[in-house]
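Following are the structures in question.
The same chain A turns up in both complexes below, where it pairs with chain B and then with chain C.
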Partner chain A sequence: MSLLIWPIALPIIVGALVFCAPRGLAKYLKWFSVVAAATTFGLCITCVAEAPPSWTVNGEVLLALDGLGSLVLLGVGFFSLLMTLYSAGFFKPGDISESYYYGNILLSVGAACGVAVASNLILLALFWGLLGIPLYLLINTGSERGNTVAKKTLLILGGTDSVLLLGIAAFFVSTGSFDMLVKSQVPVVSVAAWFGVICIIIAALAKAGAMPFHTWVPDASETAPVPAVAMLPASLDKLLGIYLLARVFLTMYHIPNSVKIACMLIGAGTIVFAVMAAMMQHNLRRLLGFHAVSQVGYMVLGIATGTAIGVVGGLFHMLNHAIYKSCLFLAAGAAEKRTGETELARMGGLAKVMPLTFVAAVVAAFAISGIPPLNGFASKWMVYNGIIAAKDMGFVWVIVLVAAMFGSALTLASFVKVLHSVFLGQPKEPRQAGKQPGILMLVPMLVLSGLCILLGIFAVRLGVNKIILPALAGIEGIDEAAFNQTLAGSWGSGTATILLIAALIVGLIIYLFSTFTRAREDESYVGGEVGTRAEMYNFEGVEFYKTVGEMPLLKNLYKQADAKWYDLYEQLRRTTFYITGWLRKLHDGVLHTYVTWCVVGLVVILWWLLYSYKILGRAF
Partner chain B sequence: MDLLPLIVAVPLLAGFVLPLVPKRAERLADGLALLTAAVLAALSIVALRMPDCIYAIGGWNPPIGINFVLDGASKLMLLVVCVITFVITLYSPAYMVRFTGKRKFYALFFLMVAGMNGVVLTGDMFNLFVFIEIASIASYALVGFGCQKEELEASFRYLVLGSVASSMILLGIALLYAKMGTVNMAHLSDKIAAAGGLGGAGPTTPEGKASALLIFATVLFICGLGLKAALVPFHAWLPDAHPSAPTPISAMLSGLLIKTVGVYALARVLFSVIGITPVVSNVLMILGALSMVVGVFVAIGQWDFKRLLAYHSISQMGYIVLAIGLATPLGVVAGLFHLVNHAIFKPLLFLTAGSVEYRTGTRQLDQMGGLNKKMPVTGTTSFIASMSIAGVPPFNGFFSKLLIIIACFQAGRYGFAIAAVVVSILTLASFTKVQKYAFFGPLKQKWGRITEVPATMAAAMALLAVLCLASSALMLKGPREFLLGNAQRSLTERQEYVERVLGNKHAGGDESLKSF
Partner chain C sequence: MKILTDLWAFLIFPGFVFMAVLGMLVSWIDRKVTARVQYRVGPPLLQPLWDLLKLLGKETVVPRGASRLAFFGAPLIGLAGAVFVGTMVGVAMFFGEGFYGDLIVAIYMLVLPSLAIIMGGIASKNPLASVGASREMKLIVGYELPFILALLVPVIQSGGQLRLTGLLEHQYANGSFAASISGVIALVVVILCMQAKMGLVPFDQAEAETELTGGALIEYSGPALAIYKLTKMLMFYAVPMFVVAVLWGGFGGLTAWGIALGVVKYLVLVVLMTLIRNTNPRLRIEHAVKFFWGVVSVLAVCSVVLAAIGTYLGIEWM
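Here is the complex of A and B:
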């Protein structure tokens, strides 16, 4: 028994207990779960710190921990703890069934830890698939819409899980082993190797939510409870999906350029199309969900370049994204709890009533938009550098680079809308006072936004040198030297920070001075009539962006997207039912037909056997 | 060794004694039925621990008399049949209250069990046919047990197509007997091997005619037993018959009958008697893949809960036949593993469908909705079974599908592996549909007053749900070798089978008949 088994076993066992907990204990369950999550995080740290020996049964390594696994394990433990903490503050008694919710949360924590420490691919697939069940149950909390979305989510994740099995079988045929931590670097020449690469990449992309397997992310973001969204699609699923992708690229296979180019294009496409979809959203959670898709593009792009800095940037972006995206979802949750709304048009002016949430949201929104000196900028910058360093792949790099930068600009545009509609502007209607976010909700948000700043300012010194590079230890060609060599046009985060702080101080001074000359406020007159204040000052962020949807080329694109032309799930569903309809027509319920089938079957098989054994030829 | 006939005799006896219980003492009949099933389950577990052996009925040694053979494959099948029968018997008393003639039901039920156990144990071709007929005829009657219009129609269709299959099987046996002069399976196997069997891809016997005869017999077995196993295109009876039967019988038919009289008998005849060749193996794989694909595509469009499950049975049988048809050691192990798993989750699915029907009176998925709130045990167990059949970890279906895919890859059959994955995804789609419409979502107003099913029914379902998780352990090396590995060897090692029955002196020669 290795220590490694505990971060998996503990949350799963406790989760099972929580599931079965009698109703009388319901109010204690949240504290119980917080303690369990904290203990799990502690166990994750212990595992990473002590580097325990791998767990081997019958000579087969089942669980083992290396650099990359440690990074993901720590991430899983950390985000799980924060989200459980937030959940404890978020839900009032009676909002949810505690045993159902926390049981599922703990189950997903255990499964996610399992993916991080699994060395045997079968075990990995087991935890990988297991993760789908709690997500399904968490989305499925009783509403009609939740029911539909849960089905879709499980189908996409479970379906690609089956594809993963195909990949595992192919990997086994290529290497003769299920151990994925061994650096096999299978050359992709045989059919089996091609199968392996493509299938495992598909599974990784679906879990991370990249296109074209992304459609479950916005849907799930819209319907599941907010803390669950912040935990699963926004952070854990990203960590795990990108983790597997990195494994395929770095250790399991020797990836040929064609696959790299394909993945880079997928990444670039994901960035641009998802962010364009995000711009048009009017539901806050759905909008964030589309951004969660768009950001995956950067990670895929970075890793697919295969260059030292690209890979480091991709993994760093994975970490950063988990931080700011979960922070954004948590802020959205706080706003939703305050107003009872998720429609952007009906929110507004929340900065005044929830300043701390606002601060956290602004930091995270700037981070996701890639504004220096925050962490999102640092990792995007590295990804750009990685793309430039991958020049040997032909002209693709230009397209990809342009797409990535364009996407970043649109992200900013989209978050300006969010900040304006939710936090700034005028409050829409006198709302019944919802609850202020309590300390349990604020702490996770502030911790996450603090990390955004910290990892931004000390991006290289802390983020890359202390976190990402150690995780990549032992991977050929990726070390500090290679990283520094390719970091073209390095930007001094120190200088920038000083300048930025200076600018902030100047701004503060101007603001203070301006308050001396207070502007006169008065009724406004339009054509001799008193204009009501609400009409005058109420600019919804939503309206402006609608004009984007009216642009000539984009108009059709958006219209088709609305009709689900680009939804792989919908397209496959339609095809399936077409075939089903045709096959059902054959089953007409007439006994004669059925007997005829039997006879025809008999004749065909008989002919085939006689033909194969060369008796038919001789007889005639 | 003397236990072997008991495994067939006990249910046969129960089948004839139970209808004699007076009508007022129906509780006694329930108790006796449960006792019989428990004894059978115990016997199958005892048999599991016995060494491989044969039992010559009436002291007539093979190849003269009829003999029972206990080897790895029959032990595995006995265990599956008897344990699942026990759980279904536990479910039956409460469920069957709404039918009249519970005692007649038990009589037919145990006749069917006797037939299945006989098929598993017998070492004689004609005896095999007799047991197949016992099980089948009992099942024809059971399908029509409700005596409603559709049930009788389904039963009639089943009867007609079943008879087509039976005549094919009988004709096959007759041809073999005409040519080889024996119906003892081991003896036949020995003689066929000596005559060159089906051979490779060319005439291996001096007389081409003999070979053609053997081929015809083989095709008759594939089609006849394939019909019993509901392989496409011989499947058409199943989607009518299985949903029409009372629920415990649906579970027995889909979970056990098509496997014993279908797949097991087919594997026994092809592997142990005729000898598998690449051509036959191809035929099996294509039949399997066809069933897999056609079954699932039709299933996904169904709204009748039990009918949907029935089509999935076709599809899942396809998996089993595909894997066994690979004829590699891993393929056969994977097929048997999936057979065991399907024998657990499919009865469970039928039982949950029955429980829903028991309370709501409907089988239409779109009439249900939100039942989890009122029937938590049914909902949870059905969720577990759905995840099992869809191959979601950590339930048993995941592991057997994984093994099947690996086996396909190992044999270089990439196309079949892809088909298996596609079907797996569609299966998941179909069962998320079941979960969505029946159990999750808002509760419909009209179901506001329903309650959970009686305790015995709930216990039976819970037991199977636990087995869904527990049988994942067969993936571990120890249990896998003990149950599946031995079963696989007893099927694929043809010579060993012959020697086990006839003894060493008979192996490899045609001396056996001359010595008499």
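Here is the complex of A and C:
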């Protein structure tokens, strides 16, 4: 028995126990789950540290751990622990059924760990599919909307899971093995290889939530409980989807340039279109959900360049995204808990009453918008350099680079809207300084925002050299030497941070030697109006980009997006219903119709039989 | 010791102090030219300095119920960003130093002063300031697309160079990028974007004195307002200098003659900005965004395509 089984088995067994826990134990379940998640994280660390031998049955390697798997395993353990902690502080008794919620959470932890350590592709597909079940159950919270969205999620993920199985079969045809850790680097020339590459990439993109398989992410973000969203679509699913994509690109196949270019374009399109959609959202969770789609674009783009710095940047972005996006969801959860709202129009002014949450949210929002020197900037910057380094693919780099950089400005725009409508701006009702989010909720947020800063300042020294490059050990062309060669004298975030702090100190000195210390409070000036008349003037987040949304071409685009023209699932659903609509017309319950169809069918069969036995041909 | 020289560069030359002096000088030129256009005498040379010092002595007022952290923190972000860009450009031009990919860092840092105005606006708990902030953000979204496109022209022409020093060296060796058709178009596009970045008429919707009474900055007073004004002066140095370095040949070599030529180019850009702002009315925000996403972006795309074709076929004048 290898040690590698334990991070999978422990949470699944405990999860099953939690599921069956009697009602009387409900209030202890959260602590029980926190301990289980912490133990799992501990097991993950042990596995990575001890590098245990792989688990082999009948000569088939089932579980094994290499660099990339270790990275994902640690990430899964870490984020699961933080989210379970947050959940323990987030839900009041009676909000949810504890056994149902924590059981599902632990089950997803086990399945995600399974994906990270699986070496056999069939086993990977098993855990991959298993991960969809708790997600379905967590989204399906009982409301009608939750039911629809859960069904949609299950269909998209389940559908692409079957595509993954086809891809695995094709991989087996090419290599004669299900072991994906063996560096087979199948050249993509045969039909089987092409089929395999395309199928597995589709599955990876759907799990990560890239376009055009993205539509379940914003919907699920809106309906599932916040900590579950922060854990599954925002962090674990991204880690796993990009993990599989990286495996396809780095070890399983030798990817031709045409596939790289196609993936780069998918990435660039995902960045821009998803962020355009995000800008116009009025629901905080949905907005964050669209960003969870948009950011995938950078990861896909980075990995698809195939250059050392691009791949490192893409994987680094995967990690960074999980950090700041889950932090943002957690902050959104804290705001939601405080106000009971998710609509931007009904929040506002929370910075004054929840200062620590505000600070965490600002750091994460700036990180996702790529403000230097935070971690989001560091990884985006690497992806950009990777794009430029991939010049051998023609001028496609110009298009994707512009899309990626412009997408960054749009990301900033929609987070300005969030910060305005949730934390700053004009509050809809006077906010009393009341209860802060509890320590269990604050700690994960502050840890994550601290990581945003830390991984930003020490992007190369800590993020790349200590985390990403060891994960890519053994992959040709991507090592410290190749990385440093491209980046001789690179973006020194450490120096830059010291300089930026120096500038802040200059500013502070200006403050301190002036009237700043004697600041006076006064009502804000609203064109001379006072009292209730001044409060009538209110600028809501909904209005922020209204003028942009009403511009000629965009207006149509947004209208079509609202009508779900660009929702692959919705289109398929409509097509299905259109076809079944015709079939339904045939099912009218009138005997004559059925008899007619039977006769027509018989005639067709008879004609075909006669024709195939050359009876008809000879007769004519 | 590297960090000490970096700090010296950042705070004294060619960073903060140098930029502040030059920025004040240039904002004086801006005001003087404006005055001459309007048949006025204009302020004395030291007026920008006196303005700043006076603001430092004025009372600080905070809107009731606003987050003080965001309200007072916001101006500092902009100051830091402006000094950083100015230092990067200055170090590249004067000392020929830089790091890999600093062009991208510069593009991102150039957003910080605008972000500072936005954060200050939304932290003011004032609807007029929020309107101003939303306009500033829309403007950024508008001009950022053509700005990035136009800045890719030199990158393409130099064969994927992402270092400011690399771009400068390429220009010292092969002549300025603006000497080609694509370069000229890119320069025009960048000048228009620069006008918006600086928040000068016709792109001053965020402050719009007549309708928003100062917009995003409406609640600011005293030292915090002084920092915003100072940031704007620093940007008056940093942005045109960045354009000269990236597109217009830099100093044309580090000789006295070259530096004089660089200063002349820089002053031409400054006077051009002043003249544009004095001869145009303010656009409405949706018109501004439409302008940048329409005509200007099309121009920028043309320049990128020309540059790509020119580089591919090896035609220098394209």
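Here is the rule we go by: the second predicted complex is superposed on the first by the 540 of 620 C-alpha atoms of A that agree within 3 Å, B and C clash if a C-alpha of one lies under 4 Å from a C-alpha of the other, contacts with A are read in each partner's own complex, and residues count from 1 in each chain.
Operating definition for what follows: a contact is a pair of C-beta atoms (placed from the backbone, for glycine too) under 8 Å apart; a residue touches a chain by one contact, two chains touch by 3 or more.
Note that the coordinates shown come from a computational prediction; the quantities given were computed from them, not determined experimentally.
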- Message: Quick one: is A:20 in contact with chain B, with chain C, with both, or with neither? Answer first, second, both or neither.
- Response: neither
Chosen between chain B and chain C, the partner touching more chain A residues is C
Applying the document's definition of touch, where does A:195 land relative to chain B and chain C: first, second, both, or neither?
first
Does the superposition put A:148 against chain B (first), chain C (second), both, or neither?
first
Q | First, second, both or neither for A:506, with chain B first and chain C second | A | second
Between chain B and chain C, whom does A:402 touch in the aligned arrangement: first, second, both, or neither?
second
> Touching A:598, do we find chain B (first), chain C (second), both, or neither?
Replying inline: first
Query: Who does A:550 touch here: chain B (first), chain C (second), both, or neither?
result: second
Listed in rising order, the residues of chain B that touch chain A in the complex are 157, 160-161, 164-165, 168, 198-199, 201-203, 208, 211-212, 215-216, 218-220, 222-223, 226-227, 233-234, 236-237, 239-240, 279-280, 283, 294, 297-298, 300-301, 370, 387, 390-394, 398, 401-402, 405-406, 408-410, 414, 417-418, 421, 424-426, 428-429, 432-433, 435-436, 440-442, 477
In their shared complex, chain C is touched by residues of chain A numbered 349, 351-352, 355, 358-359, 362, 370-372, 377, 381, 384-385, 388-389, 391, 395, 398, 401-402, 405-406, 408-410, 412-413, 416-417, 419-420, 423-427, 430-431, 486-492, 495-496, 498-500, 502-504, 506-508, 510-511, 513-516, 518-527, 537-539, 543-545, 547-548, 550-551
Contacts from chain C onto chain A in the complex sit at residues 2-3, 6-7, 10-11, 16, 56-70, 72, 75-76, 79-80, 83-84, 87, 98-102, 104-105, 107-109, 111-112, 115, 118-119, 122-131, 133-134, 137-138, 140-141, 144-145, 148-149, 152, 155-156, 160, 162, 213, 218-219, 222-224, 226-227, 285-286, 289-290, 293, 304, 308, 312
Within the complex, chain B is touched by chain A residues 58, 122, 125-130, 132-133, 140, 142-144, 146-148, 150-151, 154-155, 158-159, 161-163, 165-166, 168-170, 172-173, 191-192, 195, 573, 576-577, 579-581, 583-584, 587, 589, 591, 593-595, 597-598, 600-602, 605-606, 608-610, 612-615, 618-619
